[in-house]
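Each of the two complexes below includes subunit A, the first together with subunit B, the second together with subunit C.
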Partner chain A sequence: MSQFQLVSTRLTLFAAFLAAWAILPKVGILDPRLLPPLGDVLAMLGKQIVRAQVQEAIGVTALEVVVAFLIAVPLGTVIGVAAAESDYFGQIFKPMLFYVFSVPKSIFLPMFILTFGIGFPQKVAYAAFSTIFIVIMSASAAVESVKADHVLVARSCGATRSQILTRIYVPSMMPVLLETLRISMIFNFTGVMIAEMYASRTGIGHLISNWGENYQMPELFSGIVLLSAVAISFNEAVRLLEGRVSRWRT
Partner chain B sequence: MRLPSPATVRWGLLVLLLVLWEGLPQTGLVPELFLPSLSKTLVALWAQREEYFDALLVTLSEVGIAMLIACGAGILTGALVGGIVTLRKLMLPVFSSLYAVPIVILYPIFTAWFGIGSESKIAFAGIYGFFPVMLSTAAGIRTIDPQYILAARSMGATLPQQIARVIIPASIPTVLTGLRLGGALTIIGVVVSEMLTSSAGIGYLVSRYRTILDSAHVFAAILMILLLSILFDLLARAVERRTLVWQTAGRQSRPGAAGSSPAVPAPAPV
Partner chain C sequence: MSAIEVDRLSHVYSGAEGGVPALQDISLSVEPGKFVVIVGPSGCGKTSLLMMLAGLRHQSSGTILCDGRPITAPDPSRVGVVFQEASLFPWLTSLDNTEFPLALRGTPRAERRRRAEEMLNLVGLKGFGARYPHELSGGMKQRVSIARGLVQDPPVLLMDEPFAALDEQTRMTMGHELLRIWSKTRKTVVFITHSLTEAVYLADEVLVMSPRPGRIIDRITIDLPRPRTYEMMATDTFGKLRERIWQQIRKPE
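Our next item is the complex of A and B:
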């Protein structure tokens, strides 16, 4: 199948999915109380997004996501680069990181609540905590993706340290670093969502879990549609950028 | 001066961690509310051992059913997606886009549909574990050396023979990695969903004791979940090693490290 056919088939399937969602609950094949039809959900989304309470929740969530991201990514990158560049440091920490990595982070959520309460600091701390390990691992993978041959050639052509850094390290690491950003954003977003759904007074995750508990299905689905759309768009945008910066590699 | 070996330092750090866990709260540097000492946690665990044991049974039964669903559906779908070229080209990009959506936001739907009993946990954790199993099975089948299949076919192997003698043995290592990731995720999925809304299980104990600020019991439950997930990981790795013995071909770098092996999906965020 050609690329065009693939994309058009995918779009057709997507359209069929949306149509089924819009029609099946309407005609009563699926229970509209359990699955509100797409039209109702989108109408509800339009209604909710202008409400001050919802806008405030979105603002809080966005701020939490950004702050946690700004803490976890630089810190994780520094540790990851250190683990990859120093053999001794790496040998000590890498096996430990693999273990910590396979441990579920969400069970530590109660610790963060006992320590930080259920406000803004707790969301940021937990999200940064749940993100930092993937950043560390990806950052050390990024350093290891720099080819020793490239560095050797540059050095024998007389490149200075700073030239090697900007001309070899940065371009080589760029695709992996962007992938790191993308995946850590997924982790970060999930962290904020779990924290908000678990115990919170505001934020979009709190709204979602409230709507679920009160059985307000159109509201619940509209929130999920909004969050999914935001998450997927961000992910695809970074992926597009990734494709751009790694084009020279092939 | 010679530096101590990395393994020694690691064990030293672990011991230090345990000592700090015992020492810091004892000396009052960290309030007992934030971090109850190790001994208090163990005492709390022992004192309520029947309650914890019952909760563990509930959690384990949910994990077991969810794992069966995740692995069965995941291997089946993965085999289809990996084996049929058109389906793979069509669906794999879709799955990697969907990976961006935090699955946990779907949990309220599950409680609304299935109630707050075991069913919603099993459904949620099943979906949580399904994706890694499915993606690794697809990757395992896709990355089989075509030479193997060519050799089998030129010696006259029928399709069932090819599947039983070539495709399944050659894809087992990747599939097992997927089962390990997927299994770990079903454990997490069950615990997280129990923590969010439920009336039984270890995750429920965590949340209940947290709301009454009984830190020692919260940490006892956390400790149990930690041990459960580490035990599962060790067990799954041991099985993987056993089945890897005959595989002499160079295996790709460890899965999990982003960018190093695109064949195996990155673990899901939790």
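Our next item is the complex of A and C:
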């Protein structure tokens, strides 16, 4: 299939989905009380997004996501690289990391509330906690993607330790690290949402949870559309970058 | 003065149950501009020996002199190395791969571009500088490796089974190409291979190593005229030389 056909087929399917969402609830095939038509949802989104309360909630959520991300990604990368590079550290901690990785992080949420109370630190701590394990695992995998042969060649060319780091490790690891960035944002965002929906006084997650409980379906879906758009945009932006730096990986 | 002088080199690997002798009392000397091929059974330590010549591994005892000075660490201005397949950096173009050793030394950009392009021309890859390794054939990749090994103009070029992963036809062509490049640059070459035909075809002298612990058990001067041609492979002399090496290698201890 040609690229053009592929893209046009995708766009057609997407348009069909939007059209179905716009029409089916209107003509009564789907229950508009459960799924308000697309037009109503978009109109509601326009109304909500200018409300001060919603804007404040967006600000709070965004800050939580960013701070948790800035904690989890660098810290997880350092631990992951250390676990992969040092035999001693790796042998001691890797099994534990694997065990903890398999446990659903949400069951620890009550602990975070008891420790930090309900608020900004608790959201950030929980989101960072639920993200850091995937970062550690991926960063380890990134180190392991560095080929010993390439390091040997660089040494034979007279590379110093720091040159091996910047000229072999960094470019070898970059594609996997960008993938890590993308996946960790998904975990991170999910962590913040779960924490906000579970117990919170503000944030988009809190609003969405309220709207759901109060059966305000157009409001609920406007929140879903907004969050989906933000998440997809971030994901695609990093994927674009990934494509650029991993052009050689074919 | 010899280009390479190895004196009573031995190596012992430290293992769980004491040391494992890998190389035993190896002495050899290579005159400047000579093409020396090392053959031997798998695991005889010939790659280890090459790694030591390149300064990438340390021997337990004995000395290695290159250009009269000991080799203790990699020195690409004295020794260039060409490895087996897939040793190019896939994230760099052919040109960037070729100039990599110069970039490490901080050679000015224009200068290293010029040198790298010159080397790519020499190995027959004019116009392929912008290609990435995955866009090159196996033979072309090894040409880039050779260009990279020569870019600092070292007097010695070490080659560790550089054509082992290539198909028979490409392998023959590359052997021939290597001789052409060698005759132009007059480097001292130490070349490791499993192929006896390749050994006789390329070498001035073939060193035969024994199974572990690796020792040099025979030195065979290949007095076939140069330039070598494919037709020579069918001659009696060629066959006899090849046979003599084979007898040495399969000889039980």
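One rule holds for everything that comes next: the second predicted complex is superposed on the first by the 250 of 250 C-alpha atoms of A that agree within 3 Å, B and C clash if a C-alpha of one lies under 4 Å from a C-alpha of the other, contacts with A are read in each partner's own complex, and residues count from 1 in each chain.
Rule of thumb we're sticking to: a contact is a pair of C-beta atoms (placed from the backbone, for glycine too) under 8 Å apart; a residue touches a chain by one contact, two chains touch by 3 or more.
Since the structure is predicted, the reported quantities are computational estimates derived from the model, not experimental observations.
Trainee: Quick check on the superposition: with subunit A as the shared anchor, is it clash or fit for subunit B versus subunit C?
Mentor: Pair status: fit.
Trainee: Could you look at A:D149 and tell me whether it touches subunit B, subunit C, both or neither (first, second, both, neither)?
Mentor: A:D149 sits against subunit C, while subunit B stays out of touch.
Trainee: Consider the C-alpha centres of subunit B and subunit C from the C-alpha centre of subunit A, and write down the angle between them to the nearest 10 degrees.
Mentor: Roughly 90 degrees separate the directions to subunit B and subunit C.
Trainee: Looking at the overlay, does A:S172 come into contact with subunit B only (first), subunit C only (second), both, or neither?
Mentor: second
Trainee: Thinking of the overlay built on chain A, is A:Y88 touched by subunit B (first), by subunit C (second), by both, or by neither?
Mentor: first
Trainee: Which of the two partners, first being subunit B and second being subunit C, lies in contact with A:E213: first, second, both, or neither?
Mentor: A:E213 contacts subunit B only, not subunit C.
Trainee: Per the contact definition in the header, classify A:C157: touching subunit B only (first), subunit C only (second), both, or neither.
Mentor: The answer is second: A:C157 touches subunit C but not subunit B.
Trainee: Under the stated touch criterion, name the partner, subunit B or subunit C, that contacts more residues in subunit A.
Mentor: B
Trainee: Which of the two partners, first being subunit B and second being subunit C, lies in contact with A:M111: first, second, both, or neither?
Mentor: first
Trainee: Quick one: minimum Cα-Cα distance, subunit B versus subunit C, in the superposed arrangement, integer Å.
Mentor: Across the overlay, subunit B reaches subunit C at a minimum of 14 Å between C-alpha atoms.
Trainee: Across the two complexes, what residues of subunit A are contacted by subunit B and by subunit C?
Mentor: In the superposed arrangement, which is not itself an observed complex, subunit A uses no residue for both subunit B and subunit C.
Trainee: Spell out the part of subunit A that touches subunit C in their complex, as residue ranges.
Mentor: Answer in residue numbers: 149-150, 152-160, 163, 167-168, 171-172, 245, 247-250.
Trainee: How about subunit C: which of its residues touch subunit A in the complex?
Mentor: These residues of subunit C touch subunit A: 54-56, 74-77, 81, 83, 86-87, 89-92, 100-101, 103-105, 132-134, 148.
Trainee: Of all residues in subunit B, which touch subunit A in the complex?
Mentor: Residues 3, 6, 9-10, 13, 33-35, 86, 89-90, 93-94, 97-102, 104-109, 111-113, 184, 187-188, 191-192, 195-197, 203, 206-207, 210, 213, 215, 218-219, 222, 225-226, 229-230, 233, 254, 256-260, 266-267, 269-270.
Trainee: In their complex, what parts of subunit A are in touch with subunit B?
Mentor: 1, 6, 9-10, 13, 34, 88, 91-92, 95-96, 98-99, 101-111, 113-115, 130, 134, 137-138, 140-142, 144-145, 175-176, 179-180, 183, 186-187, 189-191, 193-194, 197-198, 205, 208-209, 211-213, 215, 217, 220-221, 223-224, 227-228, 231-232, 234-236
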